[in-house]
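Input: structures, listed below.
Shared between the two complexes below is subunit A, which has subunit B as its partner in the first and subunit C in the second.
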Partner chain A sequence: MSSEQTLSADVVIVGSGVAGSSIANELARAGISVIVLEAGPRVDRQHFVDNFRNLENKPSYQGPFPAVPWARHPPNQMTPNEYLHTSGPNAEAYQQVYLRMMGGTTWHWAGCAWRYLPSDFELKTRYGQGRDWALSYDDLEPFYYQAEVMMGVCGPDPAKEDLGSPRKQPYPMEALPISYAAQQFRKLINEKTPYRVVHEPQARNTRPYDNRPTCEGHNNCMPICPIGAMYNGGYSVYHAEAAGAKFVPNAVVYRIERDSANKRVTAVHYMDPDKGSHRVTGKYFVIAAHCIETAKLLLVSADDQSPNGVANSSGHVGRNMMDHTGVQVTFISGDKALWPGRGPLETNVIDNFRDGSWRSERGAYLVHMVDDNQVDLATQLAISKGYVGKDLEEQIRYLAAHTVRLFSHNEALPDPENRLTLSKTNKDILGIPHPDVYYKLPDYTVKSCEHTRGVFKDLIGLMHGTDEQWTPGYFPQDHPSGSTIMGTDPKDSVVDGFCRTHDHENLFIASSSVFSTVGTGNITLTVAALALRVADTLKKELVHA
Partner chain B sequence: MPNTFMSSLIKGVYTLFGSSALIGALAAMPAQAQGTAPNTPPAAPSTPATATPPKAEAPTADTPAPAPAPAQAATTGADAATLERGAYIATAADCVACHTKPGGIPYAGGLKISTPMGDVISTNITPDPEHGIGAYTEQEFDQAVRHGVRRDGAYLYPVMPYVSYAGMTDQDVHALYLWFKDSVKPVATQPKPTELSFPANMRSAMAAWNFVTTKEQPETGDSATYDPMRRGRYLTTALEHCGTCHTPRNFMLSEKQDHFLAGASLGAWYAPNVTSSKTSGIGTWSEDDLVAYLRTGRLKGHAQAAGPMGEAVEHSTSKLTDKDLHAIAAYVLQVPAMEDDLEHKPRDSFGAAQDTPDLRTKEPTRIDDLSEMDGPHIYDANCSACHGHNGAGTLDQYAPSLFANSTVGSMRPDNLVMTILHGVNRNTKDGHAGMPGFDSHSDVQRLSNSEIAKLTNYLTATYGSGDAHVTPEKVEEFRKAL
Partner chain C sequence: MQQDRNGLPPAEWCATPNAMRLNRLMRMARRDALMGGLGLSVAGLFSSAQAQTAQTAAQSGEVGRFMAVSERLTDRTTLDSRIGTALYVGIVHANPDRQAKIQALATLLENSKPTSAAEFARAAEHEDPSLKEVIHDILAGWYRGVADGKVVVYRSALMFDITKDAVYPKTYATGGPFYWVSKPPEVARPTGKPALTPSPFVIEPT
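This part shows the complex of A and B:
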């Protein structure tokens, strides 16, 4: 592999998802030169919409995004596959999906934009479990807000609905109107249970914002918002480019080069799809390549200087893999029709299980009443019950209107045994090993899931539900985290509180891979806030240098 | 996002001033002027919110310009009724449209207006004595508004529609003057000076043009007491200066008074024929129809305002009284019918709901396959989510039907192409109308010239008056025009 060409910038960023692109945008706007290396291709919305419409299996939200061979991503959630190979007692619970392309996985997220609770950063101190982060909620608060402004997050008035994460400013946009189904669910829960249903903060426009339209409720957030009302990292790529950042697609980074002292990164090397190698030099480097791919890259970069991989003197790169493993059930409500599927997919959450003294025993969780269209499931159910003709049509109508889907996000804990390693057998067309993950659910999470099942059963009873369909086992929630864990001690962590690697002073990591614990909300807003804090650190160091 | 399109509007009008006819006629413009058209883009788009450090009270990508601040100390001693009249005249004359830059303080100027001779920067007309019009006497103010002569005696560029404002009554100019002096907050900022290559020469050339062009004759008396038809004429011709865009111009680039409102190109957007012609104009509309359009910017099943007309609705007509809107409508609907050379059937009368053909395959394409799709696929992937698989729009017509739609039905695809490129962003008290643009800055989808040509041709063939045969080169011209 020859180095045909050398690129150079103040800051070289690997990955163009929400983390990498938002850092690029911030830095470029400050006049700092930036190169973003994206393993996958440049993409656009219209082809994804076309792909989605061509897809027979609509619930397959990875379906409209067939990967390129030089930057593969897993084909579908909960599907054994030879790219992200999982093993261990709960292998199925780590069959995550993500996207390797311009803008990253936020092309098919559902826009849930939770701030973590202050307690999420101090799980060890408060509850004796897991680890503390090397930063506090207060450290991150200004960056949470910056991330909310960048993405365009809507949420409830904190005076009326306190979500537990103190805010200095209101949400940039008013909360989403709660859908019809969610309104009825909310009324039931608020009146008949000790729990409450809150507006979910969402990176989704409730008014025209950032030259993108207001959400029209296509109910299509996953896999693809057809109108651009929901944030994705692609916008930040566009904005970074407009501010002067250089975006290089199809650039698969495979090596991180350091100086002779192994203290500073001097360059990264990438391969193009034809295996041509390119060296990119810079003053600072940020790996923002998703939890799984980031750990993979650090491990792939092992050499004589760092035989266990770059930034891995602790041996913790690839360890502590976490997720919000979930429980999922659908059932047919015996009460009034809910008509789910009108509005965005996720507008409401039961948030009573996010924090409490019980966190010393079992993990926290969120409950989503997912508001997706249920005609598919209703049809399968009606056919399986033997209905035909006009009765079938009526049954489909009835069932689609009465189906309720609940799922939970249950908190994992960092366990060094839950580990990502490089495949010894499988390599991609560039010769880069695939990632393997061993996964065993922590007891903490198992207990949390058991609690969730109990709550779900109560709710099914409350709604006089029938035809329960529980997703077997444990449900991956595509929130992988922990693979380059944050901590104050370089001996048992990979990055410090500023996401700087302990080993290399000019190498930062911007990803959920730095999470010390997985927290009690969807991960993206925290990824973005941490990334913007990295940008802030880099700006200070580069401008003052 | 005020004023985005106003610069294009005026650029369109002033493209005409680059013509050899005018240059020859005036014989005062240096020859270089013809070749010095700096292809300067119009007013910069507002800065995206992305990555803007949080600081604004209500962060947004396009913070609307704040409303005019209430009066400080009244300086003129004017009575409330006069000030109220002055404020209304300012709205009806849409002064804010040009004298405010995007995101700027109203009336503080700074909007860049591209002309073939260079950029004209609108001036600060707040009552700041140094940077605005605070030192103007009423007579000097009148000289500028109705005669196009600046306080220092220089001729204004006719970017300022004084040719129309010439029709204003003394009383209304008086009220307008007092309102600006009394109720507009002074802003002590100086917009960048206009930098034309030969300003002195141009300004004197304008003296010659002023001599030959047709101006409105000043109305007299109390305009509030006019009968509806006279009031409608006053509002239409003098204040709203509808003819500035909708009336074609003669070789001297004066509005052709015998073709009043017969339609004219603004260079990119097209200001259509709005005479009473039942074939080429809007003669099939009722008075209520036109009132609804001017109040909200849309007439369901017929037409929507975008571009410069969207701004005129947002800043001006949506804020007029119902009585005045009826007066304008009644007047406009009796304007003599003018037949169009292209359009012989009402623009809003074409098409019907029609399903897209079956486009489905069962194989998604790889994420790096960005190969260009055909017209129906481009429609399906970019438009149908809102406008429907059959072009019927949403039930409430927030996203309008594409059939029975004057923009799609027009024989001139100009406004359809411009709408696809730049979208719609119109705020009135009746709500917001929005469509994302698909130009090279779009975050939603960036369509190529070829894709926009295919889409336009598909739309006009399917829902309009026939395949417009727009070429990618033509789309490029539209793209560059703004």
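This part shows the complex of A and C:
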């Protein structure tokens, strides 16, 4: 079955997350016609909130977002997994989760909106590790600010708290007043250690902004902000639609068609849930389908013209898979009550390990003190200890008031052997293969995690901690990147500094998949800034044309 | 009243085929629903088979004995019997042997008349070590609001009752913007001892 009419637009975008929807919004506002094809469904916020409240395992971030069969995503971070099949020495460290839904994975992010450091773009030049990006911090700076305005980012006054990424303007919103727990943690670190705690930049409203309310501290940024005080890609979808962009849900792109010279993309083809095939033509095409799905789509599109996959003359599509691997510990502080869980989830970061000469030896990392409501965990712990009745209630109160959770984001390096391929054995109901990923942690990351464990042990001692619960091994922080790596040499990279594929002049990629290194902060703001730069390039080329 | 087509609610048959499919896929099962509303009948939470179990259990006095055991184990004199009925059905559904074990706990309670939860729990584990797991089920039910791997109540779980002067259940904060800046209550280190032997603490995978 094929469609009766062919869809067509100036720009066709695959994926409606923060990257795809923000490009659509920029282009539509410039009078350029846009079609966005989203594999997953359109679902409203209240639906996810209800699902969360009915979820027994509340920390399961994928729990409120069940996938549809035609656009599956990983159901959890378990290995083996029903969708993302990982293997290799550190298979469990690459068990990423993400969402295939209108609006994308920012339905369940924590709003952490870091700019990268200038050094993050020059890791090879400065420290002899990994690669340099094909752009500099200065190239991206205006787009970082544009992304901050788009999302509504609150952050500290740079004169008082310099986060290391030079700014030409202040944050769009004033800093968030920090919780009592965060105040106490900050005081302890400042007084008793050589480190500092900074206010993490947050895509979260500290005043009404973009017709969204001020944060009320529901403490549920992940998996779902119940009131929309935190930005997510869904808001860019709304804005883009209001400006005239067309979004098609349940449209699973499976083929990228090129001209006879294999230089220009002419159309993409998608299947609807009933396997009806549709062709969508355009002048420019942007794949903005998340690191894993973007690489999968390029590989699935292999044909006689490009037997190794579209945009893959380098052979690097699906290679160089990276993440911010994490170390995590939960313990009971022996000091005064903190009562974490009052306010947003993540606002406090020790940033002393983001940059230094040691980056020639081991990866950088951030330490989050997670301000997470611990009542449920405290209850489970107190019951397991054998308390009942009044004693149980006293324990729950004590443990909930004294539980501390720390985790880190440790930097990986691009290694071509860490590779995404198409599953030979698992296919979805449309016949599209699932993704397989082989992963071995770089020694650079392992050394970084060892350093983190030492710091965490010191902090536990400082807080007279007991009942340490270390998350076993290494765990994924859901920041996959590198699968369509950026570089200046078409022989060893997939896109150039403008995120244009080396192989196809009208095909762009907007995703963390283009990252040359994984950087030292949560990835989303950099994804958005790169996407807005793609939009800027497209506007210039289309308007001049 | 709108016509019921093939037993489907109007939200499904009024929609497009894709929306119908989505409605069914994206909606959690009815029995997962919250029991928040005061007027909500307990039967509304269950499948018809489970509703039957609940009715039978109530008539035979099983729920009454479960409530007595629950009150002793929580050191409380009032617990909501609607929540208790739902928890009882869930606990027994997850593990049919719990029915006899709960009755064994009730018999012990009636015979030994312990004056505290701790005394009761110690005596129970002494009599039959396997009763510890049942006690865990009952406590997780009341304090966490879960049974049979499902949410029976969320906001009404006792863990939120005993911490309501400091924190809100997630998604139900009512303190207004920036309430979190203020100093929460201090909590003295508890002096009570565990009544049961410790069990492994397993954090559910995410």
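The criterion applied here is as follows: the second predicted complex is superposed on the first by the 539 of 545 C-alpha atoms of A that agree within 3 Å, B and C clash if a C-alpha of one lies under 4 Å from a C-alpha of the other, contacts with A are read in each partner's own complex, and residues count from 1 in each chain.
Note that in this section contacts are C-beta pairs under 8 Å (C-beta built on N, C-alpha and C of every residue); 3 or more make two chains touch, one makes a residue touch a chain.
In this text the structure is predicted, and so the values were computed from the model without any measurement.
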Answer with first, second, both or neither: which of subunit B and subunit C does A:V388 touch in the superposed model?
-> second
In the superposed arrangement, does A:G152 touch subunit B (first), subunit C (second), both or neither?
-> first
What is the contact status of A:E216 with respect to subunit B (first) and subunit C (second): first, second, both, or neither?
-> both
Subunit A residues touched - subunit C or subunit B, whichever exceeds | C
Does subunit B (first) or subunit C (second) touch A:Y238, or do both, or does neither?
-> first
So, does A:V68 touch the first partner subunit B, the second partner subunit C, both, or neither?
-> both
Taking the superposition as given, does A:V375 touch the first partner, subunit B, the second, subunit C, both, or neither?
-> second
Does the superposition put A:A175 against subunit B (first), subunit C (second), both, or neither?
-> neither
Which holds for A:N25: it touches subunit B only (first), subunit C only (second), both, or neither?
-> first
Which partner does A:N54 contact after superposing on A: first (subunit B), second (subunit C), both, neither?
-> both
Do any residues of subunit A touch both subunit B and subunit C, and if so, which are they?
-> 41, 43, 47, 49-56, 66, 68, 214, 216, 218, 226, 250
Per the touch rule, the subunit C residues reaching subunit A in their complex are 17-18, 21-22, 25-28, 32-34, 72-75, 116-118, 120-121, 135-136, 139-140, 143-144, 146, 149-151, 154, 158-160, 162-163, 166-173, 175-190, 192-201, 203-206
Of all residues in subunit B, which touch subunit A in the complex?
-> 45, 48-54, 58-62, 359-370, 373, 377-378, 380-382, 385-386, 394, 425, 432, 434-437, 441-447
Using the touch rule from the top, collect the residues of subunit A that touch subunit C in their complex.
-> 41, 43, 47, 49-62, 66, 68-69, 76-78, 177-180, 183, 206, 214-220, 224, 226, 250, 272-274, 336-337, 339, 341-343, 373, 375-381, 383-398, 400-402, 469
What residues of subunit A sit close enough to touch subunit B in their complex?
-> 22, 25-26, 29, 40-56, 63-68, 101, 142, 145-146, 149-150, 152, 169, 172, 207-214, 216, 218, 226-228, 234-236, 238-239, 242-243, 250
